[in-house]
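In what comes next, subunit A is part of two complexes: it sits with subunit B in the first one and with subunit C in the second one.
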Partner chain A sequence: MRTYLRLVWAVARKDLLVELRTHERLTAMGAFVVLIGVLFNFSIDTALVRPQDIAAALIWMTIIFGGMLGLGNTFRLEQEDGALSGILQSPIPLDALYLGKVLGNFILLSVMVALVFAVFGLFFSLQFSGNPIALLGVVVFGVVGFVSLTTLFSAMATRSSMGENLLPVLVFPLLIPVVVYGTTATDRLFAGRPVAEVSGNLRMLLAFAIIFTVAGAGLFRFVIEE
Partner chain B sequence: MSFGLEAVGLVRTFGGLRAVNGVSFQLHPGELLTVFGPNGAGKTTLLRMLGGVMRPTSGQVRVAGAPADVASRDWRHRVGIVSHQSLLYGQLTIEENLRFYGRLFGLTDLKTRIPERLASVGLTDRRRTPVRDLSRGLKQRAALARALLHDPEVLLLDEPYTGLDPHASGVFREQLASLKDGRHTVVLVTHNLIQGLELADRVAIQIQGCFSSVTDAGSLDLSGFQALYHAAVADRA
Partner chain C sequence: MNQKQIRWAIGVLGALGVATVLVLHGMVFFWVPTESTMGIVQRIFYIHVPAWWIAFLAFGLVALCSAVYLWLGDERLDRAAVAAAEAGMIFTTIGLLTGPLWGRVAWGTWWEWEPRLTLALILWFIYLGYFLVRRSTVNPEQGKRFAAVVGIIGVLDIPLIHVSVTWLRSLHPQAVILSAENPMNLDGSMGATISVGLLAFTLVFASLFLARYAVGGYEHELDLRDASPGSIQGAEA
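Our next item is the complex of A and B:
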């Protein structure tokens, strides 16, 4: 088990190291988040709409669209100079390769999510009166589900001639449960509702995170093998 | 005694196209087989199947007598691949690339192993250089260090001289020659007749997916082989 986890971490570590060198994905996601924050700030008439009431939807839409910008490129690096062939020729189990990519993406997206909350908190002066641990749970489970699904479909899109154009078409319909449960739970927590009111949403988000991750690990080899 | 590398009736189809069509051969440990063929003959597809990167439509690869199934991973410790692509990450240094691949192969002695491999290909001074900043020749030497990092018995070389200038080509050839130590079984795929014949023990010509001939290289001279090659290619054209 420790050997397996070491392999997962080796893949994630390599992806993060490459990102630290290039800042390619974080820059794209970060710029998107800030721009969206600015645009929403100017486009929402706060005299008519309380930002607090729509914050959850804006936050999750920004996470999904911003995340797609970065995660869509997950396997592009592996394509350069044949690195994917090098990995496929190595003895790493393909599910460990998948989980390593998911872990790397999760860490990257967590940075972006922190920025989303900071930007929206700043622009809209959001007041949070709910349970922060519950909000953390909603975000973590939601992001794990999103990352697991997008990583799998990113590999699929890389193999397809339609490439990244195909990714949103494939992923968005399957993300509906994450968006619905994530938005509802976040909305209630921002409104200061008790944790009991979001426990069902939390369980559903956890279930989707587990299902998407286990299914992704199982299906990955069919996507990546030639 | 089992063969170092064995291909049994390898076939790979892409839709209606048979890229590799029933290729079989057996190599003893220490032998070097050069596979020649024109563009589109299916040489790279053959090598990708031998390396476990691509699943054959039918047929089998055996490494040291054991079936080398794409789904299983253990036999991969015995095989290394050098391609015309480096299979390395350009943003990472040579040392970081080797450390990453070493971890994938479960190697625990990387602190000593990586400097040894880098020294063997003359890249000790460049170990902290990002791969993207290397010349083509140095990149190919780094690729060889990567392929040999886990000390494989079988080495698969896919057009390794592509893009190398004569000097870099000569240096790389010397490094390949050092692999003829009786322990490494090597398959070299190329369309360059001169470079391919230099080190070969056996040669094969692959045309339209099939091996049209497999010959001992000792009995061949360059001009005779050139005539044989061009006749074989013309025959199938």
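Our next item is the complex of A and C:
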């Protein structure tokens, strides 16, 4: 078990080190988040609509579109120069490779999500009076579900002639539960509603995260093998 | 089943299916009484509901065949999955077209985010993803595996999507007095008509499924011949 977890961490650490040195994905996602905040500012008539009322929707749409930008490149590095063949020849179990990728993507996306909340809080003067631990739970479970699904399909998209264009078509329909439960829970927490009102949302987001992380780990070998 | 038996079954099921569809239309237009609340537009119900039933039956078949295909690697299961997907896509499209026609009169709007219609739209996109990913790889075997994974992930997500959309709708006031979930109390003739509709569409689906399965078999034979050393393509390879 310990060896397995070390392998998972080795994969995640490799991706995070590459990202720290190149800043490719973080830069793209970060710029996207800020620019989307700017565009939303111009697209909302604040005389008619209170940004606070639609903050949850804006935040989750930004997380999903921004996340898609970064997660689409999950396997790009391995695809170049045939590095993927090398990894497949190594004794690492394929599900450990998948979970390592998911862990690395989750950490990257967490940084982006923190930026999303900061940018939208700043641009739209959002007030938060709810339970921060509950909000953290909503975000963590939602992001894990999103990342597990997108990492699996990113491996497919990398090997497809359609490339990253395929990813939104595959992933967006399947993300509806994350969007529904994530935005409604975030909305209620921003409005200061009690945690009991979002406990169902938390359970469903956790169920989604568990189901698709397990399914992804089981199905990954059919996607990555040549 | 050998090819001759499959062709025979296609013919019989197809003929029975077409005959039952004709009987269904006769019942819909000339026999079943008009529903008292929604009037004549309610007759779309006898087409819309069976189409929706087949769409989900087909997708269940796609997921089952895909899972067993990944497990056993038998290409006949992949052929069955793609046959079910193509036929299922047809019926999903029928459901998506008939739903708004009904909704325009029943709800006063072409589209309503009613849970089943929403789920049918999502299912259509999952089918689309299935076909896109299947055809987008250089290696056809890889495309088959990818499509199988999409089918399995899709069937895992469908119940979650349905629960989430239904829950979200329950938060908002209903747009109409009568919802699609509880359209009416069916009397005997309406129950008989919907049963004939279900039978008709199931027979047509079975015929389409077998026909596409048979075509898949011929395609597979051609691929094998092209790849064999004795063939021109095989020699070139």
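Heads up, the rule we're going with is that the second predicted complex is superposed on the first by the 226 of 226 C-alpha atoms of A that agree within 3 Å, B and C clash if a C-alpha of one lies under 4 Å from a C-alpha of the other, contacts with A are read in each partner's own complex, and residues count from 1 in each chain.
Just so we're on the same page, a residue touches a chain if its C-beta (ideal position, glycine included) is under 8 Å from a C-beta of that chain, and two chains touch if they have at least 3 such contacts.
Remember, predicted model here, so these are calculated numbers, not experimental data.
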Based on the superposed arrangement, let me know which partner A:Leu77 touches: subunit B (first), subunit C (second), both, or neither? first
Could you look at A:Ala31 and tell me whether it touches subunit B, subunit C, both or neither (first, second, both, neither)? neither
Just checking: does A:Ala118 make contact with subunit B only, subunit C only, both, or neither of them? Give me first, second, both or neither. neither
In the overlaid three-chain picture, which partner chain does A:Leu39 touch, first (subunit B) or second (subunit C), both, or neither? neither
Using the touch definition from the top, say if A:Ser85 reaches subunit B (first), subunit C (second), both or neither. first
Go through the superposed model and pick first if A:Thr3 touches only subunit B, second if only subunit C, both, or neither. first
Both subunit B and subunit C touch subunit A; at which residues? 225-226
Which subunit B residues qualify as touching subunit A in the complex? 48, 51-55, 70-71, 73-74, 76-77, 79, 81, 83, 85-92, 96, 100-101, 103-106, 130-131, 146
Touching subunit C in the complex: which residues of subunit A? 149, 152, 156, 159-162, 166, 169-170, 172-174, 176-177, 180-181, 184, 204, 207-208, 211-212, 215, 219, 222-223, 225-226
Subunit C residues within the subunit A interface of the complex: 70, 122, 125-126, 128-129, 132-133, 136-139, 142, 145-146, 148-150, 152-154, 156-157, 160-161, 163-165, 167-168, 171
Touching residues on subunit A, where the partner in the complex is subunit B: 3, 6-7, 10, 13-14, 17-18, 21-22, 77, 80-83, 85-93, 221, 225-226
